[in-house]
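Each of the next two complexes has chain A plus one other chain: chain B in the first, chain C in the second.
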Partner chain A sequence: MDGGKVTVGRTAALYAGAAVLRLAIFTLLPDLPDLLTGRVEISTPVTSFKRLQEGLFLYNHNVSPYDGGVYHQAPLFLPLFSLLPNALSYPIFTYLLYIAIDLLSAGALWRIADSGEAGSSALFTSPRRERRWNGFVIAAIFLFNPFTIATCLGRSTSVFTTCAILHAIAKAVSGAPFSAMVALSFASYLSMYPLLLLPPLVLLCFDRQRPERANKSAVSFATTHVPVVLGVLGLLFGMSYLITGSWEFLSSTYGVQLTLSDLTPNVGLWWYFFIEMFDSFRSFFLAVFWLHLSCYVGGLSVRIRRQPLVVLTLLLGIFAIFKPYPSISDTSLFLAMVPLYRHVFPLMRYSFVIAAVIMYASFLGPAFYYLWIYAGSGNANFFYAITLVWGLGQSLLVCDLMFAVLRDEWELERPEMAGKEIRQI
Partner chain B sequence: MSAQPLPSNDNDVPITTIAPREEKPTSAKKLPPPEKPSDVRRRSHVILSFWLIVLLLGLPIWWKTTTIYRADLPLEDMLEWADGKACRPVFPLRISIQATSLQDQEAQNLLRLTQHALDDLNDFAGHHLRLQLGDEKQDPADNGSALTIRLTPGEGTTATLDPYEPILDITYPLNTTPSPTASSSALATYIASQLRTTFAEEQATISYLLSTNSMPSEHRPLGLSPETAESLAKRTTRSLKYAPTYHLTFSLFTSGPLPSSWDIETAIEEYMKPVLDVLSPIHNFTIDTQVQLYASPGVQNQVLNKEDLSSFINAAEWPLSPSIGGAPTINFIVFVGNQTIASPSPDVAPTSHSWLIPQWGTVYLLSLPGDTSHVAAATLKQPLLTFTSHLLSLTGTPESGSLPLRLSTLARIRSADLLLRASSTLGSLARLAMALPSISIPSSVADGVTKTMSHLRLACDNLGGTEGLAHARIAEAEAERAFFEKSMVGQLYFPDEHKIAVYLPLLGPVAVPLVMGLINEIKAWRKRRREKAEKGAEKKEQ
Partner chain C sequence: MPRLLSSALALRRDPRILKIPPYLSLLCILVGAVWLFLLPLNEYSRRTYISENALLPGQVHTYFGGSDQNVLRAYKQEVNSLVGKSNVEINDKLESIVKGLGLKTARQNFTYSAAGRTFEGENLYAILQAPRGDATEAIVLVAAWENVKHELNKNGVPLVLTLARYFKRWSLWSKDIIILLSPDSIAGPQAWVDAYHDAHDSSRVASLPIKSGALQGAIAIDYVQEHRFKSVHIVYDGVNGQLPNLDLINSVVNIAGGQMGMGVALQEMWNHNDKYPDRLRTMLRGMLKQGLGLASGPHSSFIPYHVDAVTLQPFGEGWQDEMAMGRVVEGTFRSLNNLLEHLHQSFFFYLLMHRERFVSIGTYLPSAMLVAANFTIMAIFLWMKSGQPEVPAASTPESSDKDAPTPTAERDLFLPLAVVALSGSLSVIPLYVFNHVPESALTPLFYLFLVINTLLPISISLTTTKLFSPTLQQYHLVKSFSLLLLGMFLSSLATLNFSLAMLIGLLSAPLSFVKPYSSPVSRIVGYVLLNLTSPPAVLLASAAIWGLNVGDILREAAVAWHVTGTTSAVVVWCVWWPAWLAGSVCVLGQPAGQEGKVKRA
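Take a look at the complex of A and B:
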């Protein structure tokens, strides 16, 4: 598995293989992309390609894309996609764009893996760091993950966010804090929630500064780099304002995520809860859910201060479970980061259970959705129950990975305890 | 290649997560090494980071999002309206006297005497008749007076109401004009008693309305005899609840295949429209018509007894729409068949053809020759005239007096009724707001209350005029809207125990680790402080 030397030929073969696989599916099964586009597991109200088409149509006819309340995505997608030929008559260009984005993400992941940050960060070096996969394997795992492929085929716009987040991390580990901040701003602009990754990302940038121009104080480092994010975000908002001609996009994109006004079912935990919620408590529980999502940032950044990349990985996992409109695309991003921790896999306790639960949920989820929506022999509880199982599987993975990482840290302090059973006191 | 290889794949790694059994006793006895201070500090920071979010963001948000918005309602004023303290319903009716044949001096004198006589007769302060000398050039309808008395000299003392104008014609023998020094006059007494008779019904109705509402006793008129009260109650139950718009449905039901068409449009235009026009300041009307063949009534008897009349309507089969939507429906049914109504005494031939169903409408039995296929407008004259008079009683028009007087009385009765209803709705709303301190009161309700009160004030000041009716109408509609505000109705019953059910399932599990973490941390901190203090004391002793 730990492939030997990575040659240019092998790299090209991997990328070509991934691209050819996607193109083959696009061309041989022409109905599949549209089928996947309509699946709630892939397309959420804030990432759906169908809704993007609707917004694009309105935009091209000089109507505000947010009229009609269907389009909830960032305005800058519109000029990008209107540059491409019509997705219905020449779908190949859209396919190529999405394939390119996937390959770019894989490239960023490859750089992260090759940096070795996962095994040895500035403040901590794992005794097991030798047992790791190289960038080729990690990129291959990402590119051939069925969830990634399904997201690409479903043309969900969350792939852009994935790409931006991975590039932000890749830039951070390669000692380019400014580019990392710009990339994170793009991710936040597209989906809002990546803004919560800012504290651990700043820590990661701080730890991986180039020695020749290192800033010794974390506070002054943060005060010089956080404004970059704000500045780029302001610039992007300004451009969006110029494109759409009003600030309406703020409430239609971020407002929808904050208030969950579109209750289309998805694989997350919010929609069912807020269907059942008393109206007078709705705003309170929205705030509770958002606070719950964001309260992990501080705690994890403090606890695993020595390995900021772990914090980023765990947060991506938590977001994939608890964000308002999650899809399998968020899971695929989390699952792309997890193999970086190959060296702590032996410390994980529930790998089999996790794999079983995630596969169980991925097969039964579509079936239960079918029973509810099409067959009518089930109800909403069926689908919600399976999304609970899905969330359970992912949270098990998050917890187990966290346990393994912490145990790895702990064993460095107490080498005599390696391999013994431990118990929390 | 799976993303998470199973541990069994990694046999070459000399790590197992299960400790050998025999080691357990020794490891249980062995105490773990003391925590490093940096770890302790880190743990406090982690707990602090969670609690900071809870305290700095969570609590303010909880406070802001669950505070119940209660717009300020003028509760005192609302209750005052409901108790009738805010408005004393007074109907000052101006009555002008036109006496062209009398000298000014004489007329003044007569007016003074009549007013005296009226004041002596009147026992109800709310309903006050005030006389004034009318200008003969002025059109009697325009001068704002409720009634004009036209005095003309004549043979004897007679009084007749003009059927088309609010005018009371009184003739008097020439010798009955009072002398300027006289303290009483037969003519004045006569006029006063005539006026009182004319307005007796209105006065009784209004005092009945006031007495059924929660008016304080000092405003409540006395001397309403039980029989009058009973007949008024009967009439009130017969008439429909006030609505600005009524929907009239004219239905032709035939027992056989014929007649199958009728000239209802012309008939309505000719016989009913005039009355509808006269009623238009008080009500709007919408009209539809229908024809139903082979309609079988609920009672098949040839001769209908009094008991049969109530079950004559075949509610199951006849397409008579109930009052859906805003306007209540009044049904007018022409039934073509050969049934007749039994007369009250057997020796009198049956004469009546119609009966009124309280708060619902009228049925008219029309017998036609068997081969009539089209009912002409002329045939419908009698039914429609009956319907018209029934419509007046269904809308609550008083029964005595000439039509113009009855209508102006109707306007006054309705404004009093609406005023009282709006006031009592305000009172209910105020009591509801006081009884349920946890109900939210949106600002729209406060707006409605303010509007209601300002219109009530205007209505109260203009009672007796058409403006008063308009304001009372708006006030009543606003009061109803405020009372039945949707977001309030849903919260009518939301006890505090429900809040536990809302908060606990999610926040309980979240709170347990947070609170336990905080408690443990505080305990550990106090222990460390004590140890430090002990150490310090030991050092000092040394």
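Take a look at the complex of A and C:
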């Protein structure tokens, strides 16, 4: 599993293999993409390809795409997809676009892996950093992860966000803070929640500055780069305004995420909670849920200041569990980042349990959804119970990874404790 | 609490702990099996009851009888004159009768091909529009020209025609009544109900020209015998082990058994004394049918569409006549007519052991889950075992330090994952082949497969030993992964088709306890024993026990796969068989480390 020597041929073979696999599934099983597009595990109200088609239809007929309350995605998707031929008559172009996005994400991930940031950052160098996988293996794990493939086949628009986030991180580790900020603005524009990644990303950029033009003060670094995000976001909003002709898109895209007005079931923990809730408590709990989601940012950035990439990884895991409309696409992004920490895997304690829980949940989830929706013999509690298990599996992974990383740091501070059992006293 | 946790964690390293899981998993299997046999006891099963108050079964006076008897006799005469004629001729005559009653009629062609055979025919159906309804809901009355055993439904078809004429006179229906006359009991109703829900493949099954509202229930009449009957047999198994709502069965039991005073039987238990052995037999028969997932009558095709349906078969020598049967249907239809919403109150997951006794999912599910859990326990155990270094820790001087945890050995995951993935992907071949060859080739192919199946693990084992010389750890990991997958699939399956999960779980229970044996004799003995529980061997054995032909079983399976969409074959070939294959490879394994140890000793 060390990947051996990476040659141009092997790189091309990996990308070609991933592309051919996806293309083969698209062409040999033509019904599968549409089936996956309809699955709640893959398509959420804010990423669904079907809803995008609806918005596109309205847009092309000069009606506001947000009329009808089905489309909740960013307006700039509309001109992009209008450029492509109709997805129903010539689906191949859409397929190629999605495959290309996956390959771009893999490329960014490869650069992150090869930078070695996971093993040795500016402030911390892990003694175990030699045991790592190279970019080839990391990219292969991402490209052949069934969750990634399913997301690509389901043509969820979250792949664009995934790609933007990975590029932001890749630019940050390669010492290009300006590009990183631009990429993060795109991710935030598409899905909003990546804006929460800004603090650790600024720290990462600060740590990985090119020495020749390094800015010594973190505060002045932040004050020069955060406005970039705001500027680019403003520009994107302005373009969206010009396209749709009104500011309606703000409430239809970001407003829906903030207020959870569409309660379609998904693999997250919000929908059931807000279905059950009396309306008078709704706004209070919306605030609590959002506060909960965002409170991790500060804490983790401070506690694991020495390894900002860890903070980003853990936050992606936390978002995949606790954001309002999560899907397996968010999990696939988190699972793409986890293998970067190959060197702390031996410190993790529950790897088998985590794998078993995640696999059990991914089989039981569709079974229970079937019982609820199609067979009519189960009910919503069945599916919600399994999304709780799914969340449990991922949160175990987040906790275990955090434990392993902190232990790794701690063993460098206290070499005499290396390899000893820890006890809470 | 933290102290307890940390001592539990410390206990994890204790070598004695690692001895427990095999016994624990054996215990799980035993408890799961014993649990099943406790279910028929009074303490664990419950009396049935009507949950949906709107049904009011047996509360109305039924008026079917009197002059309707003469009408029935006339229709019987007409139907008898049609015996031996072609499907279209029969439908022409029946259509003229039904049209004469003033109902809208339509026909539908269908063609299925499976196992080299073609199943084609033409359904005839008629819609009685509800005088008090708005065509948003409908109930279906089905009579197939021949039943599943290909006997002519000589009394059923005239009875349905008479009932249609009788129902037409009443003004109290609030749901449309659809009369479906299909040429056979499986393909015809399947084609019709698929087309009714627009889920048909229009190249093989024609669309329906006229439709009514959402189907609320269906009753099929399978009335073959010519003389008077004693009791009614209720057939309720749906495709893929799905069951109708228990309220429907309870209503029929209530009307036939209570109001009409006739006997009611389930699962071909013609005489049931409501004692433990009979209850157990009824339950096990029901489980077997559920596990096979085949269609058992015209009603079976309705159940996957969430339309509750049963088939009623009169049987035995008694004094009940066709009119009594008609009154049972009338009473049931009056109850269904009362429904304000779809049947949902009562259970969809149950095991019936007597007409008035059942166990619900909460009581019986733990048994299948325990059997599935045994595989997961073994998988976790083997994972932990594979992490232990092969050289005993006592030989290193540092081990005197009590605090030092035993180091975890590096696991080589690639080969085990490859073996498990290989056995999983090979499973597509038998699944495809057995469902796509013509009938005549099935029996020879089966015996050929039996031979290949015996040799395949040997060849895989020899190849891997030669090329990779796997270590004991890798064999542990192969088994761990395959058992993890098996446990996962079975626990998911247990929620969909309990009986099939239980059946496969018990049959593959030996896989939990196989391991690479060091001596050649025990390796061969282990392999032979394991071969006795292989999927094809079990198929052969069950064919011998029930006196059936293997070819017939495979043909029925292929027909079920193509016509009714039975998915049991997927479970057998893609869940059970790969696990068996991986287990066999493990039994035959000759770990590389082992030989070295023997040499050193």
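Here is the rule we go by: the second predicted complex is superposed on the first by the 423 of 425 C-alpha atoms of A that agree within 3 Å, B and C clash if a C-alpha of one lies under 4 Å from a C-alpha of the other, contacts with A are read in each partner's own complex, and residues count from 1 in each chain.
Everything that follows uses one rule, which is that a contact is a pair of C-beta atoms (placed from the backbone, for glycine too) under 8 Å apart; a residue touches a chain by one contact, two chains touch by 3 or more.
Please read these numbers as outputs of a predicted model, since none were measured by experiment.
**Q** Quick check for you: in the superposed arrangement, does A:Tyr360 touch first (chain B), second (chain C), both or neither?
**A** After superposing on A, A:Tyr360 lies in contact with chain C but is clear of chain B.
**Q** Now for A:Gly299: first (chain B), second (chain C), both, or neither, which partner does it touch?
**A** Only chain B is touched by A:Gly299; chain C is not.
**Q** Is A:Pro346 contacted by the first partner chain B, the second partner chain C, both or neither?
**A** In the superposition, A:Pro346 touches chain B and chain C alike.
**Q** Which one hits more chain A residues, chain B or chain C?
**A** When the residues of chain A touched by each partner are counted, B comes out ahead.
**Q** Identify the partner contact of A:Lys420: answer first if only chain B is touched, second if only chain C is, both if each is, neither if none is.
**A** Touch partners of A:Lys420: chain B and chain C.
**Q** For A:Leu371 in the superposed arrangement: first (chain B), second (chain C), both or neither?
**A** In the superposition, A:Leu371 contacts chain C only.
**Q** Please identify the positions on chain A that touch both chain B and chain C, taking each partner from its own complex.
**A** On chain A, the residues that contact chain B in one structure and chain C in the other are 1, 346, 352, 419-421.
**Q** Using the touch rule from the top, collect the residues of chain A that touch chain C in their complex.
**A** 1, 346, 352-353, 356, 359-360, 363-364, 367-368, 370-371, 374-378, 382, 419-421, 423-424
**Q** Would you tell me which residues of chain B are touching chain A in their complex?
**A** 1-7, 10, 13-19, 23, 27, 32-33, 42, 45-46, 49-50, 52-54, 57-58, 61-62, 65-66, 68, 440, 490-491, 494, 502, 506-507, 510
**Q** Note which residues of chain A are touching chain B in the complex, please.
**A** The contact residues of chain A facing chain B are 1, 131, 137, 140-141, 145, 278-281, 283-285, 287-288, 291-292, 294-295, 298-299, 301-303, 305, 335, 338-339, 345-349, 351-352, 354-355, 397, 414, 418-421, 425.
**Q** Any idea which chain C residues touch chain A in the complex?
**A** Residues 2, 5-6, 9-10, 242, 306, 342, 344, 348-349, 376, 379-380, 383-384, 403-405, 407-408, 413-414, 484, 488-489, 491-493, 495-496.
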